[in-house]
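Here you go, one structure.
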Amino acid sequence: MNFHLTKEQALFEQMIRSFAEKEVKPLAAEVDEQERFPEETVAKMARVGLLGIPVPSELGGAGGNNVMYAQAVEELSVACATTGVIVSAHTSLCIAPILESGTPEQKKKYIPRLASGEWLGAFGLTEPNAGTDASAQQTTAVEDGDNFIINGSKIFITNAEYAHVYIIFAMTDKSQGVKGITAFIIEKGTPGFSFGKKEKKMGIRGSATSELIFENCVIPRENMLGKVGKGFGIAMKTLDGGRIGIAAQALGIAQGALNETVKYIKERKQFGKPLSAFQNTQFQIADMQTRISAARMLVRSAAFKKDQGEKFSADAAMAKLYAAEVAMEVASKAIQLHGGYGYTREYPVERMLRDAKITEIYEGTSEVQKMVIAANLLK
Amino acid sequence: MNIVVCIKQVPDTTEIKINPATGTLIRDGVPSIINPDDKAGLELALRMKDLHDAHVTVITMGPPQADNALREALAMGVDDAIHLTDRKFAGADTLATSHALAGALRNLTFDLIITGRQAIDGDTAQVGPQIAEHLDIAQVSYLRKLDYDGKRTFTIERSIEDGYEILETEAPCLVTVLSDAFQARYMTVKGIMEAYAKEVKVWGFNEIEVKEEDLGLKGSPTKVHKAFSRGVKAAGELYELDTDEAVGTIISKLKEKFII
Amino acid sequence: MENSTYKGVYVFAEQRNGEIQKVALELVGKARDLAADLKEKVYAILLGHNIAGQAQMLIEHGADVVICADAPELESYLTEPYTQAMCHIIDLHKPDILLIGATTTGRDLGPRVSARVATGLTADCTKLEIGEDKHLLMTRPAFGGNLMATIVCKEHRPQMSTVRPGVMQSLEADTQRQGEIIMVDVPFATQKFKVRLVKSVKEKTSKIDISEAKILISAGRGMGCCDGLNLVKELAETLDAQVSASRAVVDCGLVGHDQQVGQTGKTVRPDLYFAAGISGAIQHLAGMEESGYIVAINKDKYAPIFQVADLGIVGDARQIIKKLNDRLKN
């Protein structure tokens, strides 16, 4: 048993903290307020290698691991949850399935460009009528010689029009149910592929979230990811990994809210002494810290297991379920301890609460996480 | 071109707090960082590497944990790292420090030596020029811009109080740089993964060319007679005075504090 | 080293473009105190070209002897020729104490000279006094000003120190004062001159980042509008300080956001923070309470700023600053 970061992970923590503090945090309020995708931050992250952390160096990545990836998403989210999810969706939902299920040619074509940040990645599974019930896919892919013709739409897609590469799921054989789902790699600019409405959201407002529309979009067979009918497995496996990213994002939001709170209660004086001198305040922050630390254990252990090649599906689900709850609870308490100021946009904690909510919903709602955890117990 | 950058690991002085009860410095939990001016020096060297394919070596003198500063430099992109560490170096003032570093530098080939202008824990700005003197090479301090003609000549902008000077000199020379002149790059993730795979050369007294009497406490002409904090911040004085008296009080306090 | 052969308090009298710098006069003033304690003389070292005419000024401000090297090689400051001249004079005259202004020139020259003559140098001193055993006690801030250290150099001579400009007091000029002027010829080793000055460029004083300022005069709502801010600017100019402001003033558009102190602005810790008409909302206090010395003026004696101020004055900041400006000018 060893709970320490490796030397590399410790050095990385130093780097990512300073990056988040200096490059990400100053933009967080603006990105939220203006619902603006932080393209300049994405470019900076690309330069230092944050868009290809767990990618082998042979494929142009940093040669890091999933613990580091979770550290990155966490620390970015401490400053700005929007930035955290950009990296998470790109890495877990686009790079990971290609690394996992792609052909050598697909890896060679896509991974170096994604890992270097030249291209950004996205993932499309959810449809208007296929949310938690992802098997109810209505998007279709019809074989036509060496091509597939795709029709349908995907909604709530993170990174949306800022991405270049999309992992898309479609029904190749409706009669087969989930076994009729196939995954494809689709590039932006493919004729018949366009963007629909951009969502106006409660939180992570800088993250671009749009609908993807496919109208007779012709995709060559070489862009099929994995085998015909194996898409659902790829989607589920991808989401298992993605949950580590979202759990890390939730953890970061919680830590960010606690950091702000600790700073505030030392400064804010009421009844002649700082709020931090009141025992009620101390009990609150003790609870917040304890939960955050527990959430971090879950997140790191899930990432560690993934790095070791062990099964991590239930671990990732527990990490996400718990970290999302902690994010909501801590952000809410943070506002309470800030009082009226906390409810205003002068302080970042109100944004953090708005950002926290989505972590209980996307990449599997908390209820889905419980299904995964329970299924693992009952099998 | 061969560049050697001298760096120092320092406590982040902006994080240091005074214990209000005892008036002493609280050093626990204060992070160690690469001195900001030195980090700018690393950035300058790495830009020369990008532009002129320079080979960059980083050197530090310090206790074993200074290794972390060297790994950070490696992760930023420097080629080689040397850690100068020996009990004989301990307790050194600037002169003895400069002797040890100059001794190590004599083992290396260099066209340019870069140091930070000064370290935030000592603020002396002396080690760079003293190294240059021991090595009998030219120095330019307070550098804010450096051009290299690709052969031997450096053109340097040196900051001074009311503007800057443009100076020219040939390799080899030593420059000291200002932290705000070169915004240091981040370590890259790839660099971090490789930083611990690289070898950091560890040199002690036996590996360098220097006289023992010039080193450490023995080689230090200056000694700390006493150190004290500025004192516990007492509850301030509050006065309700008429304007003239108020002005008088302010002036006498400012005089007392050597401000006017 | 036989220390007793080293005598006299020496000051490097920095000149630029033929003009003696203020810090040189401050050091001569301080050297008088030290020389009085030691019962020795004050020597000013004046290096330059066509500079001898300035020597009398140093005498009028307290020097007993001016040692002057007048040579074309010394016209503008360059490390090597100045180091050679200083070391030549040190060899010749054997100073007990040598003070140099902690300017960009002094901090370039000092360490080079100290390394060449193999003695100690204490940087950026803010206090100098003679100890009981006749050694020079050199006090300076360290750790970003969190700690003060008194340094001694007992075994080596000269005892060298660079001294922060603006800290020591120069003496009133005494035009009747007489002194000796010694001219020195420096045997330059010109083959060691490796740096050439191409040109010197004057720039408008670049605005210093307020987080690095030594003195900040900070304006709050209590200073009122434009004319109030002008009073603050005037005081800043007199004290060689920077202007900063609270959020209220920044929001009015009177000063830029980069000059805002506080949680949404910058965190500052100058040696002196002068809060003029600032009540001290917590967001503001968070940004400045670590300052070395805090002076606050505010009408409301219950203003939170007084909880962190070392010197608090209850009163109208505008009137007090106005009067303070007048008094400091005279």
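By letter and in written order, the chains are A, B and C; residue numbering begins at 1 in each of them.
Just so it is clear, contacts are C-beta pairs under 8 Å (C-beta built on N, C-alpha and C of every residue); 3 or more make two chains touch, one makes a residue touch a chain.
Predicted, not measured: the structure shown is a model, and the values here were computed from it.
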Open item on the list: Count the C-beta contact pairs for A-B and for B-C, then tell me which is higher.
Closed with: B-C
- [ ] Indicate, using Cα centroids, the chain positioned nearest the centre of all protein chains shown.
- [x] B
Open item on the list: Going by average Cα coordinates, which chain is farthest removed from subunit B?
Closed with: A
- [ ] State, to the nearest whole Å, the distance from the C-alpha centre of subunit A to the C-alpha centre of subunit C.
- [x] 54
- [ ] Provide the C-alpha centroid distance between subunit A and subunit B, rounded to the nearest whole angstrom.
- [x] 40
Open item on the list: Suppose each chain is reduced to the average of its Cα coordinates; what separation in Å results between subunit B and subunit C?
Closed with: 21
Task: For the subunit A and subunit C complex, residues of the former touching the latter - done: 263, 267-269, 346
TODO: Write out the stretch or stretches of subunit B touching subunit A in their complex.
DONE: 68, 71-72, 75, 185-196
Task: Sites on subunit A touched by subunit B in the complex - done: 7-8, 11-12, 14-15, 18-19, 47-50, 52-53, 57, 61-64, 68
TODO: Within their complex, state which residues of subunit C touch subunit A.
DONE: 264, 282-283, 285-286, 304, 307
Task: Residues of subunit C defined as touching subunit B within the complex - done: 79-80, 83, 103-105, 107-108, 110-112, 114-116, 118-124, 126, 131, 137, 140-156, 167, 192, 194-203, 205, 209, 215, 239, 269, 271-272, 292-295, 297, 301, 306, 308-316, 319-320, 323-324, 327-328
